[in-house]
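Both complexes shown next keep subunit A, but they swap its partner, so subunit B is in the first and subunit C is in the second.
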Partner chain A sequence: MSTATAEHHDHDDHGPAKGWTRWLYTTNHKDIGTLYLLFALVMFFIGGGMALIIRAELFQPGLQLVDPLFFNSMTTMHALVMIFGVVMPAFVGLANWMIPMMIGGPDMALPRLNNWSFWIMPFAFLLLLSTLFMEGGGPAGGWTLYAPLSLQGGDSFAFVIFSIHFMGISSVMGSINIVATIFNMRAPGMTLMKMPLFVWTWLITAYLLIAVIPVLAGAVTMLLTDRYFGTSFFSAAGGGDPVMYQHIFWFFGHPEVYILILPAFGIISSIIPTFARKPLFGYASMVYATASIAFLSFIVWAHHMFTVGMPLAGEMFFMFATMMISVPTGVKVFNWIATMWRGSMTFETPMLFAVGFLVMFTIGGLSGLMLAITPADIQYHDTYFVVAHFHYVLVPGAIYSIMAATYYWMPKWTGNMYDEKWGKIHFWVSTIFLNVLFFPMHFVGLAGMPRRIPDYSLQFADWNAVATIGAFGFGFSQLIFVYVVLKCMRGGEKATTEVWEGAEGLEWTVPSPAPYHTFEKPPVIN
Partner chain B sequence: MNMTSLRKAHLFIAAKLCVLVVGMFGFGYLMVPIYDVLCDITGLNGKPSMEASAAPTAEMMEQEQREITVEFVSVINSGAAWTFKPTQRTMKVTPGKTYQTSYLVTNLAQRAAVGQAVPSVAPSSAAKYFNKIECFCFNRQDFEAGSTKDLPLVFFVEPDLPRSIDTITLSYTYFDIGEQGASVPDS
Partner chain C sequence: MSWRANVILAASLGAVSSIFGAGIAWVGYWMILPFAGLEFLVVLICLGRAYKKLSYMEVLSVHESTLLVESGHDKPDTRVELPRHWVKVLFDDPASSFDVGKLVLQSSGRNLEIGKLLNKEEKRKLHDELLHCLNFDEPRLRLIS
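Then we have the complex of A and B:
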């Protein structure tokens, strides 16, 4: 898409550099945003391929295709790739592209740092993926890397830890950049409470990242020293405690869950008002709801550990704190519905994905509420019900919001409208197969099928076969997305400056495609 | 704002956030002692005290008439070549009175070895009422190849034990922590 941009703006004095080193040395927020998004797209297919290996093995009971160790490393790697390699970089890419344009700033605050944040990522994932080809295989103890199991794998474990360190450094640098941009680069008159919600949610997400990624770095460093340097943080023989690993991990892990969804809330809050042709209902309450979700995320971590043998008082506290999160989340859902209420709605592809998000994210939210109930969770813990829950909030949640954002802003990025027909086909095929894939997991989960197993009892066979069909359907329907994106990058109907009839915001005041440099003179905001 | 002051503002924010990053990295490590202290004070997590306690006082001995069951469980950590068994599976005890039992350990390996037992109590809320006057878990044990030891345990249960608890399970996990003289524990 940026090649098209380049050709289009050859007359521009400050256009992009020529040749491939443009991408290596670039400090332009739009270039870096593009790099992040393309990186996420590539990783999406790598992580998706792993998911298909998992589902293919689970098509029938018994061991058919892969050996159990490889299966386990597939579940582990699928999660690590999808979380750290797809959802997070895609959101950072969107932040890079959109935040400066939304707040009327010329670029990110720290452009050189921005270049580093991106270019660390490919190397981090090279390290991670290379472990699959090492003796002993990749990490196979689950993405949570629970001690002591994770310490018993192959020697490639050090590579996993260092790749997590690199990803963390990249995320933290990206977040520092985003915070500095939002605080220092706003156009005059763009007060905090006038910022688009995508900017708000990213500001809060950036703070969450800065607060918890170092905790993860600490936890994996402890694993590293336990494994290779004789410390005993998590080894009971040396006076350590494996349960403590879970506490430290989930102190990072639960805010991480909101890192993966808050920017999505911001995207949906931009798209729904555009296609309902009404301003967002309850802007201030959206901001406060986001902030309270972020705060609550720090005091609910032990709901991932209801079965470790916590005292009753602890379980009660974490149960009620967790349920409390549904209040600000409910505020958001009702605000989106109220925004659509009596709006003049049209259903272009971004809106389809946004409405799909709203419906299916809520399904995932409600199953989350079921999991929060401690006595019930003891039954659901580590079953496919949990798998169904977090896939409903991550796939039609985070991933759909990224796709919605891509369809929504792609005309601004490339200057061309995407193919609406194929966009809609992509949405419907994905949505049908996605539900075929994930909905049956609720059933097998409630019936007691444990997660992270390559083989299972015969009674679960039918729904697993259905889920596998859904998985292949969903996986291959993403090729439609690639087709639409590539087609849009190459050409198509020219987009107008506003692109969408009901769109509001500074990004729709710059020409399409957005010039290489925008808002070098700050816009006037009334 | 001119360019230099903008640059200063960026660096100021970046510096503040870097302090936060370093602080949170430290906080991750700080969670380790916080966790231990919290478990120690509250007896959460079934972590019984690893210190020898004094014998029950006369006052304690007279207080209580009820009888509870103590179950003894033994677990060998994965891959270690030992047999490890309690000499008694269960015991009826009266809170406030002192009892003695033992565990039998054999080193099955063809080499000398050092072992360490780590206790855990269930239900976890009983952990702080379970006192050990003498326990093999306080020390490591040295074994010749193929040798067997009878490891004594002297304990009592405090009479304050909540009424809702009538069975306490004491579980020991036995770890092979390497050959004699090895100072680095081998997990």
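Then we have the complex of A and C:
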């Protein structure tokens, strides 16, 4: 009697199911990652279209194209779509594609849950977008849904709340899956401090999401009961407190800001070492800096509401706590620059987007520091300066990192190299128009132009016209991105296993395109 | 990760929202707490399910006259011995994408399902390998899933 261990072949020969059911029933992390990314791309154009409506209306003073209520709906929907429908799903898509491959796991820990968490999203957004066609229009009180303003909208309010619940359920399910995967599916030898920074930043992001989604769910449910069930949580007339809504919302909202940027830090930490051909400078400090940012995100929420009239001690606390965030963020920027220092740098498209991120995200960070100073913020509050600040953080920050990641990992996904020439054109055209779009907002903001208005004083006309030209230029330049992605999916120069000369990590050890099933046998970690 | 570590992980995940939810409930805004509790429950169930699935193992050993199926969590604690030459390996291979099918060992009127955690392709492959192995004299297989 004897027993031998059988050869355990990779299942490269077992491909996905055929037809559309592959995408509906799939539990494969790569398929679900692709679905998330495509969904985010579609929503990017829907949210972008809304931005163009806003900018077209603001091209010159006066009311030209849309009525003020619809304009307000557009600002509200644009934010909801871009935050919950573009940046978050795109990061979840990247996590789905890359985390199992980066940690040497065969798939996500909970594949069926993964399928569910994606397929909830299209329904949530269908519900949200359908409110635009309902009586009274879509939500128009801003994405923050401040009470009591948001309670005075049309009957679509309940649908908006339900769609937010669905988005929250999807986010929580996705986050649980990521945490379970990272803690339970790592290949032997892949210790926590050996994990790529992208995995670390996603682990911390998932923690943040799981911590704050119940807060959002509770807050919007209380809005719902105030509106339809006669409660008075946020109604001063019934003994409630509208300012409390702002506190609760921003306790969710500020960590949410980091949810939108921490995975970007992970992406940039993967790309810069590859194209600088040097290991990441200060890996451990990057991990600790990410954790510090996450911790601080819980104690700075009231900097969004300095003007509500809080005690001086409160203002001081939130001011200094906010300014403290610049320390770990500065550590990160320093480490990225130190990684590039004396590196053998080349500037392929992913690196261009990474460097663009570094420069412009820092501009957004610096205007954030200005906003952290309470007396200054009281002047800047609700002006276009704030709009300029968060767009500099989110567009060259989150969106550029997603584009950098797409160019960086697309050869691994498709097996084909993308068109480098068009990739670089995409970067330069986007970057020029992005600055034409958002930089003038600093000027009009400092001059006092309020945000969320369809009309404005004549003195702001010139820079608004410039910003609108930038918006259309930036919007249409994204068609180049679609062209490059489609072209790469259809064919092109074959990618090697390593793809990039300086690339390191488990994902670069599997063939390009990555087989449908990877790491059924745990890889060896050195 | 051990089950205890998974519970600690779930507790650490639920702690922040629960603490904040409790604090806010103290001043009358209680609706965050049920969501935090519900989420904690979902996190615990999901981690439990992942742990259970990941720690489950099934070892099939083909011996001269027997096919031994051992299974259990963390270590095999259930043993089923089947007469090698009287075992049928059946896989229904359903057409539906929803259904991953059943891989069954049949012997003396007894059915034993194996590879419950495998997907359809993996079950098909195990089915083929088992058939191949059982039909040759040389014992060569020890599969762990």
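We take it that the second predicted complex is superposed on the first by the 513 of 526 C-alpha atoms of A that agree within 3 Å, B and C clash if a C-alpha of one lies under 4 Å from a C-alpha of the other, contacts with A are read in each partner's own complex, and residues count from 1 in each chain.
We take it that a residue touches a chain if its C-beta (ideal position, glycine included) is under 8 Å from a C-beta of that chain, and two chains touch if they have at least 3 such contacts.
Quantities reported herein were computed from a predicted structural model and do not represent experimental measurements.
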| item | value |
| --- | --- |
| Partner chain in contact with A:L110 - subunit B first, subunit C second, else both or neither | both |
| Touched partner set for A:D226, first subunit B, second subunit C, both or neither | first |
| Contacts of A:S292 with subunit B and subunit C, given as first, second, both or neither | neither |
| Touching partner for A:N184 - first (subunit B), second (subunit C), both, neither | both |
| Which of subunit B and subunit C A:Q60 touches, first, second, both or neither | neither |
| Which superposed partner A:S326 touches (first subunit B, second subunit C, both, neither) | neither |
| Partner chain in contact with A:Q379 - subunit B first, subunit C second, else both or neither | neither |
| Partner chain(s) touched by A:T21 [first = subunit B, second = subunit C, both, neither] | second |
| Contacts on subunit A seen with subunit B and repeated with subunit C across the two complexes | 109-110, 113, 172, 176, 179-180, 183-184, 210-215, 217-219, 222, 233, 244, 248, 251 |
| Interfacial residue positions of subunit A with respect to subunit B in the complex | 109-110, 113, 148, 151-152, 172, 175-176, 179-180, 183-184, 210-219, 222, 226, 230, 232-233, 235-239, 241, 243-244, 247-248, 251-252, 308-311, 314 |
| Partner subunit A, residues of subunit C touching it in the complex | 1, 5-6, 9, 13-14, 16-17, 20-21, 24, 27-29, 31-36, 38-39, 42-43, 46-47, 49-51, 53-54, 61-64, 97-98, 119, 121-122, 124-125, 129, 133, 139-143 |
| Interfacial residue positions of subunit A with respect to subunit C in the complex | 1-6, 8-9, 11, 14, 17, 21-22, 24-25, 27, 109-110, 113, 172-173, 176-177, 179-180, 183-185, 207, 210-215, 217-219, 221-222, 225, 233, 244, 248, 251, 298, 517 |
| List of subunit B residues in touch with subunit A within their complex | 1, 6, 9-10, 13-14, 17-18, 20-29, 31-32, 35-36, 39, 42, 44-47, 50, 77-78, 116, 118, 122, 124-125, 173, 175, 177, 184-185, 187 |
